[in-house]
Amino acid sequence: MTDENLTTDPARPAQRMRAGSLSLTFTPWIVGGILLVLMPFIFTSNSALTIMNQMWITVIFALAYNMLLGQGGMLSFGHAVYAGVGGFACMHIMNASDFFSSLPLPVLPVFGGLFGMGLALIVGSFSTRNAGTVFAMISLGVGELIAACSVIIVAFFGGEEGISGDRTYAMPFFGNEFLQQIDVYYLTSFWVLLSAALMYLWSRTPVGRMANAVRDNPERAEFLGYSARWVRFYSFVASGFFAGVAGGLFAINYEILTEENLNTTSSGVILLVTFLGGVGFFFGPIIGAVAFTLLQTVLSLQTELWAFYAGTLFVATVMFFPGGLAGLMMMHVPAFRLGKANHLIVPYIKTLIPGFIGILGLCALVEMTFHFRHAATGDNEMTLFWTTFDSHTILPWIIAIAVTAIGLGIARATAPALKEAWNEANTAGGAA
Amino acid sequence: MSTPALELTGLKKSFGKAEIIRGIDLSIGTAERHAIIGPNGAGKSTLFNLITARFPATEGTVKLHGEDLAGLQPFQINRKGLSRSFQITNIFPAMTVFENVRCALLWSQGYKYSFWNLVNRSRQLTEGADAILDQINLLERRNLPAGTLSYAEQRALEIGITIAGGADVIMLDEPTAGMSHSETDYITDLILKVTEGKTLVMVEHDMGVVFGLADRISVLVYGEIIATGKPEDVRGDPKVQEAYLGAALEAEH
Amino acid sequence: MELILVNIIDGLVTGLLLFMLSAGLTLIFSMMGVLNFAHASFYMLGAYFAYQISIALGFWMGLLIAPLIVGVLGAGVERYGLRRVHQYGHVPELIFTFGLALLIEELVQFIWGKNQMPYSVPEILNFTAFSIAGNSIPAYKIFMIFTSVAIFIGLLYILTKTRVGMIIQAALSYPRTVEALGHNVPLIFMGVFGVGTALAGVAGVIAGPVLGTFPGMAFVLGSIVFVTIVIGGLGSLWGALVASLLIGWITTFAKSYNIQMSDILNGIGISTPENLSENVFRDLWTVTSPQIADILPYILMVLILIFRPAGLFGKRHS
Amino acid sequence: MKKITKLGAVSALSLIVGATAAFAENVKIAFIDPLSGPFASTGTNGLHQYEFAADYMVNQNGGVLDGQMFEIVPFDNKISPKESLIQLQVAIDQGIRYIAQGNSSGVANALTEAIDKHNRRNPDSRVLFLNYAAVDPALTNDKCNFWHFRFDANADIKMDALTDVMAKDEDLKKVYIIGQDYSFGKAVAAAAVDMLGKKRPDVEIVGNELHPIGKVKDFTPYSRKIVASGADAVITGNWGADMLGLGKSVIENGFEGPIYTYYAAGSGITAAFGESGKDRIRLISQGGINPIATEEARAAYEAFEAKYPEGNIDQSRIFNVIGMLEKAIEQAGTANDVVAVAKELEGMEYDSMWGGKIFMRPQDHQAIQDMHVAVHTDQNIDFDYDQSGFGILTESTVEMASMDSPTTCDMKRP
């Protein structure tokens, strides 16, 4: 991918920037588009479509958020309100039957974007004067205010039950009334591709480049003729637009918007998603959104403790891989360049597989402890990894502890070899 | 006489009760290379910061080509054709060398805050940036992150960024600070080359650089200019000798 | 009239409680530049530990031991977590504490379950101290006031009169210099973080019985602590005190008096529109002060940040 | 790079979707309620009651029809409408035809609309919504639909019964109404004002206010106002931490009268009130727990306690849901044709083991049943809550409450 010239994380300096030939620039987008089209043929069920729609919406929202955090260096604790307000506006449009019946549904997210942008214009006019803590705290305050308004200003936000509508009242789009999940899937897919492409292009424009410059060194940027404040402002407004688009898509998908679309929890989640994916790379939030949606929707079907695991994963990411999942992937680029990536495969297998098994063992211990403490008396049986056993007998505990100890032990023992292989794969040849 | 490129009248600056700049009058002509020297703590960097509106002045005016700069923000001053470098290297370390220069070109090439142009698509930008890189001898480092350059190279890049926007008044704050002799020579040549036909204001400690470069010199002591003139005149000025130069020259030999 | 007096006492209790949290947070911030999002989580841990200890050893031992445990935990978090993340910069640090807050909440649910804990006021303090016009002031509230005031005085004494305090104050502004003078700055950081979180722990111990001990207690209080120190001015102990009391009183009075927006608007000469139920702004007209009492601090914060970004007592721009 | 992530997604997705096909012969009921987060204890307790009721009432007796078992499939909605809709879709894909949900009217609103739309758009996979606890009156009025059945009494019915009892209290002169600032809190307040006004025009309402939901740390200022107003009784619809906070604070700060409320039992609240709430808290409930209504119910409760010593049957209507669904399926002769099952549910009369009859009113799908006003106490308690020794004791009963109450529901049947 050519995305790497977008490397913006101070912790991970940029790789070589290639003069992007046309074919290279377009390839990831074409591959992405084809994948988006093909996904429903692999996962045909409606729930898979619903989950994928949720993923794509989160992708747009996270990319929009990263325009602030990753590209502009602005940490926002209240970005959900821009998506939320865009979504609420779309909901009101859905309910304005005269207008809505003359509007093709695929156009609706534009209005969400415009309303998100409108709010960002207002808030940005005073919040972007400073970056850093002042910006973060204003975003928190404004986020809390608007979230609180959602239960007070019932006329617009519908109180705690929110407002709902029916997307099928829109003007049929080439005969399609978007009755089925699959129709909505393609609508969402179209928008995720379009929005991601537009946001990518934005990062290649003068104001997008200067956003990076202002993030790294606002003072120097000022002495290059750019007002740091206005650069931040434009980024903020653009981010508000795409957040609003995500909100509009949410409205189309769920046909209901509630207080939860605005509250600080949602704002916190998008921060988590983005950071997990990696703020330093354009595609980082995409990975984060996909991973987090799976965690939230799929893992929560498997275990009550999903939030505990998500939290652990998150803290571990911040501590050990501040570049996020994307950073982890991009670490391997130099080795690939040197043609030495294959030297890593065997050490990886030797360390990561036992490590993974050890972690699974640890999870098993956590689950068993939880079951032991909180399950109903007499309800001693629990099922874990497709095996059912009695959590009150000693054997499963011994097995779990042994698996954990052996797995982590092997991983620990083989780690130095991996480190060595890693250094070897990254140094020879002398190139960067 | 034509309008001076930069004109300071009665410029003062106080931090609390301490008066750091105590009334400076200075006029620098177009295409002149002007050096400001003075002992540590004389207020040279503060003076720079006043001219470029990094700090607001307490009193007095700064005029650029006859135009009063009062109330303008740094970026507005930059747009009027005044560009500066910093004493402490001030580049965009996470971006590539090429991008550093390209960012510096954006405003002057009229891109402003546009989001309908793609920077990669502009041949003018790419060529312009490459031309600058060529000038500052960093073309080979083009695609490295600026933070990984050597110190001298970063200083060169800083000068490159400063001149890239095509400003006609260039202000350099100690461009050779902390450099070895060979590096100093390299930077001095570079400055000579890139400020051809432009007004240059520089703060510098290295007397070799100053006397090699400057058309005129001002000596700043305790927030006041005690002498201004051609290098040889300043060198001979007894007040300067007394206040500063003698000691500095002695130290050099 | 009596009600005003009662409200002043109630607001004082709320404000002082808030102060115990914000004092630690503002110290930690001014020293390390870290806005610790997990600060309220340590408050929650304080309450839970104290509950657990009080079962076995009684309330007073809980008050003594729980903050110590919380402080040690806090110091551990600084030593093994924050210090590591510190190298990546401020945003990752902030995000780390954010994640830590989530994790602590999950951990608490893991260990203690999701229900409210029956952690209650000790018998010896479970009586009415005095009554003002039928409003009883529980003795426990008086105890809370005294405890927080004692802590404030102690803190002030340590910071301004002792050698340790001097070093801390110096390290706040010039960490490099203090390090060069031979003091172990990382150790000081760890200590301050431990003490700050222990203070939060104390707040949890004494607030748990009255405000409830449940997994959501950190979240309810979480962001308001930030608001407090931002209003007061980041890093200022006095600012934290003033802002805490200000917030305590504002919210208490706003809840105690039913002021309607329409009263205010009528008062400044805007008449209530006819057909209010049809009006687009109907919800604004009917807003009452108790409805918005808890968001008033946020409004105050945004206004202060716009007009005085350094806060009431703050000296520096972050 | 995208390719790799999507491959990851592929494998994870196939995991869930693949694991869904089996067990087609069971009658599956999706339980969509919070199982993690702040409301998890209520949700988990509800789930236990569902699982127990299904086993105890249906499966141990050989199931329904030709031996089909009831299976409760839990889905964690984290009390979020969005998550609920996703889980609804997952449930439908698993072939589940019955959706049970109760916590939060906001979620119920989202679900009932989504189910209505789904059933209209996908006639092949229609589902029924068994609402066992969301009490927003709108659900069986303006927002009613054929697929939604409410087994709990709605907020208006509850207030009707509550005010019936309050009206008998001759000493009652002044009442203070306080609630959470959202649809339910407002509905409670409006109903209280309306019904008290009709039944006891002499009673003065000395306060009527709303506070932010879930945000109040300290209820002291509110308590001060209540005490200062000289109220004889407080009416509130608060639940969860807001109920506990308000109740404790009001009592602590010198209020002497009763607190009439909806939700103040179980989930740790009974234990937390303990002695301080004794004879002070009066709540509206269905199903006789103390004294227990029938011997059948006693046996059931004892079996439940044996299985879940830390749990409570605080939502006895869950047993009615299971019982009525079983009856409807038997009568319809099928569990797959939900329209037939729904038609059997409509107008059904059912004898509950917790006493009295349940009548599913056909015009709005609102269950009509006996309502009790019970008091929080430790006297004569057979079945306590939270293992605290305290429980709720029925003081008075309104039979078939609000049987003839009007509804604005315009039911459209398929």
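By letter and in written order, the chains are A, B, C and D; residue numbering begins at 1 in each of them.
As a working rule, a contact is a pair of C-beta atoms (placed from the backbone, for glycine too) under 8 Å apart; a residue touches a chain by one contact, two chains touch by 3 or more.
Keep in mind the model is a prediction, meaning the values are calculated, not measured.
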By C-beta contact count, A-D versus C-D, the higher one is A-D
Computed over C-alpha atoms, the centroid farthest from that of chain C is that of chain B
Chain-centre distance (mean CA atoms) for chain A and chain D, in whole Å, is 35
Whole-Å distance, C-alpha centre of chain A to that of chain C, is 31
Rounded to the nearest Å, the gap separating the Cα centres of chain A and chain B is 44
Contacts with two or more other chains occur in chain A at residues 10, 148, 152, 305, 307
Chain D touches at least 2 other chains through residues 40, 181, 212, 215
Residue ranges of chain B touching at least 2 other chains are none
The chain pairs that touch are A-B, A-C, A-D, C-D
So, in the complex, the side of chain C touching chain D is made of residues 3, 6-7, 10, 13-14, 109, 113-118, 120, 128, 131, 133-136, 138, 210-212, 214-216, 219-221, 224, 251-253, 255-256, 258, 288, 290-295
Touching chain D in the complex, chain A uses residues 1, 3, 28, 31-32, 35, 39, 42-43, 45-48, 50-52, 54-55, 148, 151-152, 159-162, 164, 166, 168, 179-181, 250, 254-256, 258-261, 283, 286-287, 290-291, 294, 296-298, 300-301, 304-307, 326, 329, 376-379
The answer for chain A against chain B in the complex is residues 5, 7-10, 13-14, 16-17, 19-20, 201-202, 204-210, 212-213, 216-217, 219-228, 230-231, 234, 238, 432
The residues of chain D that touch chain C in their complex are 38, 40-41, 44, 181, 209-212, 214-218, 220-222, 224-225, 227-228, 241, 244-245, 248, 252-254, 267-269, 271-272, 274, 386, 388
Note: in the complex, chain A contacts chain C through residues 10-11, 69, 73, 75, 126, 130, 132-134, 136-138, 140-142, 144-145, 148, 152-155, 264, 268, 271-272, 275, 305, 307-308, 310-312, 314-315, 318-319, 322, 366, 370, 373-374
